[in-house]
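First up is the structure itself, then whatever we jot down about it.
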Amino acid sequence: MTAIQPAVDTVEHASGTPDLEQPYRELGLKDDEYARIKEILGRRPTDAELAMYSVMWSEHCSYKSSKVHLSYFGETTTDEMRSKMLAGIGENAGVVDVGDGWAVTFKAESHNHPSYVEPYQGAATGVGGIVRDILAMGARPLAVMDPLRFGDPEAADTRRVVHGIVAGVGGYGNCLGLPNIGGEVVFDSSYQGNPLLNALCVGAMRVEDLHLAHASGTGNRVVLFGARTGLDGIGGVSVLASETFGGDEHSGGRKKLPAVQVGDPFTEKVLIECCLELFAQRVVVGIQDLGGAGLSCATSELASAGDGGMHVYLDRVPLRATGMTPAEVLSSESQERMCAVVKPEDVDAFMAICAKWDVIATDIGEVTDGDHLVITWNGEVVVDVPPRTVAHEGPVYHRPIERPADQDALQADTPDALARPSTPEELLALVTTMASSPNLASRKWVTDQYDRYVRGGTVLAQPSDSGMIRIDETTNRGVALSTDCNGRFTKLDPYAGAQLALAEAYRNVATSGATPVAVTNCLNFGSPEDPAVMWQFEQAVKGLADGCAELGIPVTGGNVSFYNQTGSTAVLPTPVVGVLGVIDDVRRRIPTGIGAEAGETLLLLGDTRDEFGGSEWAHVVHGHLGGLPPKVDLAREKLLGEILVAGSRDGMVSAAHDLSDGGLAQALVEACLIGETGARVFLDGDADPFVQLFSESAGRVLVAVPRTEELRFTDMCTARGLPWSKVGVVDPEAGALEIQGIGTLPLAELREAWEATLPALFD
Amino acid sequence: MSLRVGVITFPGTLDDVDAARAVRYADAEAVPLWHADPDLRGVDAVVVPGGFSYGDYLRCGAIARFAPVMQSVIEAAGKGMPVLGICNGFQILCEAGLLPGALVRNSKLHFVCRDQWLKVENNTTAWSSRYERGAEILVPLKSGEGGYQADQRTLDELEGEGRVVFRYVGGNPNGSRNEIAGITSANGRVVGLMPHPEHAIEALTGPTDDGLGVFLSLIDAVGVPA
Amino acid sequence: MARVVVDVVPKPEILDPQGQAVANALPRLGFEGVTSVRQGKHFELEVDDTVDDATLAKIAETFLANPVIEDWVVRRVDA
Amino acid sequence: MARVVVDVVPKPEILDPQGQAVANALPRLGFEGVTSVRQGKHFELEVDDTVDDATLAKIAETFLANPVIEDWVVRRVDA
């Protein structure tokens, strides 16, 4: 078996063969996009250039459909909001100054489609990718989170996807040594053929150690380090090879390559330690992770962020497979690789550190004066492009936008007519039914597969409202994070839905005692070519940006994932919002479970209205989705947050749990079970008990305050205009949740209902 | 001068920072040891921490046992130096032959992370003397291959000689034979366990501070150097 | 009763971190001359005589192997 | 150059949760007649001709398998 040496399509060859047919359509480029590439280059692109442009101009890399909308985040961010931001949208990840000389960086990313094709590896490499983004900023990755969406829990294929994704998130994150401090597990049939795997990573560094990727300084070396480059994820680009070689696997073409990448968390763990040592020894000028578009992305982005010139000797790239073409090497999505720019005098020290960690490092080129990215292959020029045209000047689309024709009908179909429970027996049974429903049941089956302890900084993780980590052992400064999104709310009203997601994440962070300071997002939508989807997207972006402006916290970064649909049916619009909070002393964190102190009073903060549009109750009991989502009041959320943080600071609050899906009933169940303590609850006799227990009105939190602090705390609420009501007392002796006038539920029975559901479905 | 306790880092070790912190919380000095360097730097005891040494792709601990530092540890253990293996460290000590038996995939095949009750069965080892015999402690367990296996003869021997140090209570989390969570060498100086006492040294970041006793016990075993 | 062996290995173009870890470790342990290692899974099945080859292939393909990233071979062996 | 296969399986008296999980799942997937499954590891090595059988046995015994819980077989196969 002899490998045929590929004849390489050089720039010279391209100039001489202007009319050669190229498979640009198979690579996803439109006629006018291809024409523009020819115009930029003044000739047809080489195979390698075509590979680069096609992947960098894809929706995923170029944000061509979302760009015009995302700029709204920048427009709505004031200087005041920006004041704590050290890096924002456009960088690998946003960076926020959190005090004591610490900078925190965090970002979420999606890996949805790969996680359907090969759930384990798709999820694993999703985690790996976001961790490298954080690492590229110069930060030590500290924790991960994983907002997940799955199809109908009863459907046969859901089991495959759940098992694979959860094991993949755990397998990679556990082996990497990053605690998993939170996430989401949501089931809805719209995700049946298109689960969502979003992964978030948070890291920290000293403010002065912030590294932004750039490649300035003529003569600086470009070093590729980490794993070897193989045929991973180049399924699309294989059309180039097959075009030249007739597409037969045995003649050098590679028709049927899987687009699947396999992760190697061990290599990534070593890469993390190696990178951190490189940063600490100050032997790198800039660093870039290799993500979606591999070397195409890393070289063009590094070059355009610097002075613009770079020469890469592509044949030096260490390969894992034989006979790879330049186009394949440039497009390979092999994981666990990084690219650094290093001063010539630091190269020896750089290589020594890599050798210590057994990391393969190769000098693959240099920064040049001039403004072209030139890539050679065995001495022949295969790429010669202005790098900005690859990395940043891709196409921009103003896609048609149209409010869906059935949106009015959807909103008019309110849940008002749905049958409600009325007798105490029905209400009591509903508490258990809701607690055991797949979206409200305990997430333990999932989270027990994730290491939440490693690194010893985890202060709060599941089942708390937010994940919290200590970042400084001497001062006890820490950060808290929560991700949220209710796709049903967003479907009913994308603008309000995005704000509700923001409000919930904000509230979760504040509920644990931290002050929210910054936002990231992962916007999962259907096809941008569908005007109705674009309307949802535009509305959600507007809602989120306006909401952030009202709360005074900036969006520091995010990710857009389009084409999430099965056939022509889009998933529920799912703009996952992540909020980062700061807490100056993690020892004053507020736990979620009640019973930490004897004789606590239970207070409900906020207003409860008859709001059931998009609620979990309508979904579980009636399979209904219609009407309007709950009202958003961000000023109220802000006040609520301030009260909670003040309460934590002054030791007035011993536990708190925010109200969201399932309303007060579910919050009570969780607060009791997590705290392993019973409670006696009294409802307002003048109001509808069903509404009091199950409404999903926003802006509410259940707090437990020690008897001695009750007056001080309620006085503060009253003085600041926050409605509160006394809803019960903690009762350690009871061993039950007693709702007066309705009935009593022994904790053991509730625990069984809450904890048995996911094991029953998936064990 | 305080007690000097070596903490080994292999490529892929994860809980070394935590083990070192636990050593410091016990008022001893944590001395970093590097897998490729056979020098034990004059330490009084060694902790082999948790993680996935060299990725653990072949079999947990299979590659790490051959590391230069482990050759020194094996030799020092032979002369009575206290050695503690936690999780991956336990697996490495078994692979290295310092402790009998082996650890296999959890019976439910999933990685398990949970707060786990353990019973202290033997309080005469270098790493358990601070506990009352029969005491129950709550520490994190987090592992995918934590099922303790050994042939019947070995098990009989371990039980007969009282060399089971920690036993799971409240249900077997991973299919370990005889609910074994941790064992010791015949001389009581080498101890290996799957659960993580180093993650239970303060209530802020662990379920309890029950695990600190493991590290404090060492002071009794070695004595504080003058 | 028959004994059947199914071997599952990662496809050649797919990264094999396990095999790579073994290959990298061997020289360190003093074993020279092993130039490449791939690590896969090995299943030994006892099956009734009613189970035909087509069924065995189906079991291997749909369950024991993940054809997206793995190749597999089924062999009947003498008991 | 020679190709060598090493198969490693859990000893019969050692619990094999992976094999058991496969055995339990098969009937649920509609495959009847598989009475027992053991799951082990399968290694494919490329070795120089200088590597003799004794060395291969040593690699298998000291490294690829853990003799406390596993049995192993080495086979040379035609390239």
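Order of writing sets the chain letters: A, B, C and D. Residues in each chain are counted from 1.
Just so we're on the same page, a contact is a pair of C-beta atoms (placed from the backbone, for glycine too) under 8 Å apart; a residue touches a chain by one contact, two chains touch by 3 or more.
Every value quoted in this text rests on a predicted model; they were computed, and no experiment measured them.
Between A-B and B-C, more C-beta contact pairs are found at A-B.
Chain A and chain B, compared by their mean Cα positions, are separated by 36 Å.
Here the CA centre of chain B is 34 Å from the CA centre of chain C.
Put simply, the C-alpha centre of chain A and that of chain D have 40 angstrom between them.
Between chain B and chain D the centroid-to-centroid distance comes to 29 Å (mean Cα coordinates, whole Å).
For chain D, the set of residues touching two or more other chains reads 63-64.
Along chain B, residues 54-55, 57-58, 108 each make contact with two or more other chains. Under the contact definition stated at the top, the residues of chain A that touch 2 or more other chains are 264, 266-267, 358. Pairwise, the chains that make contact are A-B, A-C, B-C, B-D, C-D.
Contacts from chain C toward chain B in the complex involve residues 17-18, 21-22, 25, 28-29, 39.
Per the touch definition, chain A reaches chain C in the complex via residues 117-118, 121, 227, 230-232, 254, 257-258, 260-264, 266-267, 320-321, 334-335, 358.
Across the complex, chain A is touched by residues 10-11, 13-17, 20-21, 24, 66, 68-69 of chain C. Across the complex, chain A is touched by residues 11-12, 14-15, 17-18, 21, 51-52, 54-57, 108, 110-114, 140, 142, 144, 196, 198-199, 204-206 of chain B.
Chain A makes touch with chain B in their complex at residues 167, 170-171, 174-177, 264-267, 269-270, 273, 357-358, 447-459, 470, 473, 586-587, 763.
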